Amino acid sequence: MTVVAGPCSVESEPQIMEAARLVKESGARALRGGVVKYRSSPYSGWEGIGSNSEEALHNGLKLIVKAGKEFGLPTVVEVLDPYDVSVYEDIGVDCIQVGEPNSKNQALLNRLRDTPLPVIHKRGNSLDIEAYLLWVERVMANGKENVILCERGILSANKYTRNTLDLGGIAALHYQLSCLPVGVDASHGTGIRDLVHSMTLAGIMAGASLVLIEAHPNPLIAKSDGFQGLFPEQLTQLVTACEQVWELRKRIDSLYIPSANLEGDYDSRAATDKKRLFGREEKSTRRASEQKG
Amino acid sequence: MTVVAGPCSVESEPQIMEAARLVKESGARALRGGVVKYRSSPYSGWEGIGSNSEEALHNGLKLIVKAGKEFGLPTVVEVLDPYDVSVYEDIGVDCIQVGEPNSKNQALLNRLRDTPLPVIHKRGNSLDIEAYLLWVERVMANGKENVILCERGILSANKYTRNTLDLGGIAALHYQLSCLPVGVDASHGTGIRDLVHSMTLAGIMAGASLVLIEAHPNPLIAKSDGFQGLFPEQLTQLVTACEQVWELRKRIDSLYIPSANLEGDYDSRAATDKKRLFGREEKSTRRASEQKG
Amino acid sequence: MTVVAGPCSVESEPQIMEAARLVKESGARALRGGVVKYRSSPYSGWEGIGSNSEEALHNGLKLIVKAGKEFGLPTVVEVLDPYDVSVYEDIGVDCIQVGEPNSKNQALLNRLRDTPLPVIHKRGNSLDIEAYLLWVERVMANGKENVILCERGILSANKYTRNTLDLGGIAALHYQLSCLPVGVDASHGTGIRDLVHSMTLAGIMAGASLVLIEAHPNPLIAKSDGFQGLFPEQLTQLVTACEQVWELRKRIDSLYIPSANLEGDYDSRAATDKKRLFGREEKSTRRASEQKG
Amino acid sequence: MTVVAGPCSVESEPQIMEAARLVKESGARALRGGVVKYRSSPYSGWEGIGSNSEEALHNGLKLIVKAGKEFGLPTVVEVLDPYDVSVYEDIGVDCIQVGEPNSKNQALLNRLRDTPLPVIHKRGNSLDIEAYLLWVERVMANGKENVILCERGILSANKYTRNTLDLGGIAALHYQLSCLPVGVDASHGTGIRDLVHSMTLAGIMAGASLVLIEAHPNPLIAKSDGFQGLFPEQLTQLVTACEQVWELRKRIDSLYIPSANLEGDYDSRAATDKKRLFGREEKSTRRASEQKG
């Protein structure tokens, strides 16, 4: 289990250096931070330290790479434009992230087929699990294998949380559909600072082995998404808790008995069971167990 | 933490007696079983053992009450019609369940104000968490207090699982919005037998203290929803796992630091932090942390 | 095409009499008005003029029936409790409505099998069109035929309107799935007074032949849902517009050519068309037209 | 009102020439056709005639531009990669389309600020109307004005249609929120050939002034999305019907009375109306009309 933590945005050299130190001290294993940011409004006044020019992009990426190296943390940075991928590679970013708004960005995904860097491909908020896997498959279609899945919240009937963190999707991915590692991002998945702790732990229990957490030296002054960033003390406690939940999950994973191990037996005793449970009058009943209620 | 387990439907006396024995042996603490069933099609041919007449309802309820008494398990039974509530009370059902399709059934909810029995009120699949709490409030409006919340899956972008189990909703209910106990029903919440185990455990980690599990002596011959019912061996293992997850959650609950305990400090050092992290040029910046990305 | 109009709630005798007069003058053909109301909060202080006792229910129903008779308008009233159906019949309500929150209320739907009155069964906001038809089928399962479908808005990605009026669902019901008449309720379907006009007209164009419109002598003082009720002048204009749209739809319905009338021809020329359009190199192409993009 | 019609994909020179001729004969006013295609699976075997190389892109774009010129039809082509925009401009495409999967593609939208070509920006299937307008605003942020909105279906509770065409969103955009022209794409919005006709007409009635229709010389042999493409005869009839619906809408637009024209009057008579409708006992009632039901 790997915890990736850090601020929503790289905001300045002192900010990312301090963030990296806090991430390291918390026990997390990698540093995240955006250099070019998605913003739902073009008038937010802040689209990331690297958004205004190619030079700004270079400088911003260098800051987080420097911070990562200083504290021995590999770095995870989101890419928005296919033509920036080689810049990320050249400057030494360790892992590329595809954000939710680009989950179906065909040009970007096609480009990522060719990067040797691992890619965290976040699930789009309107994608069914199987449809999501087809977009992930796009990155892997030519043989790329180092891809990591990530659930960060989808659209649902719930409006209280910013998004609905689909842990059932994580369980389906991990236990039924894919051999790729699955991440959970409860920061975007809830959008509420005080729900990040419990939902991250629940995500691990559901099947996640990668954890993404937004944290900031002082989230109250963060330039973006501060409402969902953890305070440093919270991050440290959460990393500790993550380790304990992960240990428990590993220990009790063996309690789970796949249905495939049992179905043969129960199928072979179906007639006997029908007789015992339902008696004579059920003799002619067709097997009705698969009808949906 | 309380585990309620049992078949979707009471199907016969031998079936519910055997189910009750298996539930008892698994370590679960209460017995569930429907006597009148929701069916999405009127042509399913099975609407529960008690659906055809008042006499059938009496007899069906007596079966599960008898099974519960035999094995020392309180019983949980769903009610569909306001005029049946007193029958449930008279026959000795221990807890009444309001199912998802009736989550907004005003006549039924109004009637339940007057029952002394505890009520498990399942969340409707299109209800936002706060809207759901208003419907729950309807049952409690005259002073009734023994009401239990229950998340069993909502509508979302995911189609792979039968419903989307909104564990973020459970976390919000338990940690932010309500002092009522919160249940998780991963059987309906996933609709896939092999996801019930992990999603139940994740639900406990997210904040649930009541667990509803469908299980059947032989789910392959169940008359309804057999595809999501656990085999007896799976139930036993899951109850064991639930206890371990619950123990861990209790032990690590203290690791969580509510933001309210930290915000004062971080707010008071905001100016200093801005200077340290952003230097002079940020002086005039308005606090931007609450802007949504 | 039939327009049913009236206030959300019957509020007093003068109110429903004045409403009925305005409905009649507008050219609408039936009068709607609730006597017992759904309220999402139990603390709204108003659950309809007939909500507090059986006597209140009788008196409330009598008011709208009287108003309908006075102005020659059949009446449409929503029922919430299966045990009230016979009261509605006895007092002379002309048509019973099942509201959205009761769309899956099995006990109520089963009861309505036995009423001779026509039933407008509104679609639940989380129901797929085919799932909805199964709940409608429940009312009709014993042979009842006078049932009317009604789309009033479902859950979607849009939050601007109160609900999302699924006109594609209306088109599917009318042109593909059912011979029952289909209604459109743009008042609940938008929840915005100024969108009711255009969305009602669009609903007719999509296939609706019944129109439900909330209107009030003065919606600014309505006890419930006044924000979506039309002013009397708006109602009159909308009824006029409805008639013109209906006339046009009838006139141009013949322009529509069902695919079934053409598919045989185009299928038989598929090989020739492939050769003409794609030339030799496409010879071996499997028919790819049904692949989803 | 402008009808844009054409095949999902440009498949060959004879195909796009024949398609253009049929579009012209139908009375539609512009030609659409994709040269690089979105595909939800990377293994579909067809990603558009221009997908494999820069040369292929050039050749594909030239085909549709040639077809458009031959028949006097301006061309609308979707762009997927920001670096292709100038190629589209150079080859003479008349209008650029941003497809649903790219609705939140920040890099692409930023790039489109600088094109002189009109842009049709399709709404993402998970975007609320107001959130959508913010992404559209991104294209316009530096002063670009020739942008066209387009509803093509969103995520909802309905599964019968491929997407849910949110005509309420069109009405809100046209009548309340924006002065930009609004388009309707019922081909993607329903995904069912036989619903395109009625839903296009309903879209015009709801407020659309641009109509996008997929049609193909023989949709049964189309390489992509053939299940939703119209047969040529259907296209011709639909264009005729569109013109009649548009004429009616123009003629009856004046029947609509904005609430703002009436609210002053009704507000000023609120006290009198309360007395007349509710009598003395309502004196102390606070104005309750804005309570949501």
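Each chain carries a letter (A, B, C and D) given by its place in the written order, and its residues are counted from 1.
Going forward, a residue touches a chain if its C-beta (ideal position, glycine included) is under 8 Å from a C-beta of that chain, and two chains touch if they have at least 3 such contacts.
Fair warning: this is a prediction, and the values are worked out from it, not measured in the lab.
Which listed pair repeats A-D comes down to matching contact pairs by residue number; over half match for B-C among A-C, B-C or C-D.
Contact count check for A-B and B-D (C-beta pairs in contact): higher for A-B.
Placing every chain at the mean of its C-alpha atoms, the farthest one from chain A is found to be C.
Note: centroid distance chain B to chain C, computed from Cα atoms, is 33 Å.
Between chain C and chain D, the centres computed from C-alpha atoms are 26 Å apart. Chain A and chain B, compared by their mean Cα positions, are separated by 26 Å.
Chain B and chain D have CA centres that are 42 Å apart. Within chain B, the positions touching two or more other chains are listed as 38-40, 125-126, 155, 157, 159. Residues 8, 11-12, 14-15, 18, 37-40, 44-46, 125-130, 154-162, 164-169, 171-172, 174-177, 189-195, 197-199, 201-207, 217-227, 229, 231, 233-234, 237-238, 240-241, 244-245, 248, 251-252, 255-259, 262-263, 266-267, 269-270, 273-274, 276-279, 287-293 of chain D are the ones that touch chain C when the two sit in their complex. The touching residues of chain D, counted against chain B in their complex, run 126, 155, 157, 159.
Those residues of chain C that touch chain B in the complex are listed here as 38-43, 80-83, 101-102, 104-107, 124-126, 131, 134-135, 137-138, 141, 155.
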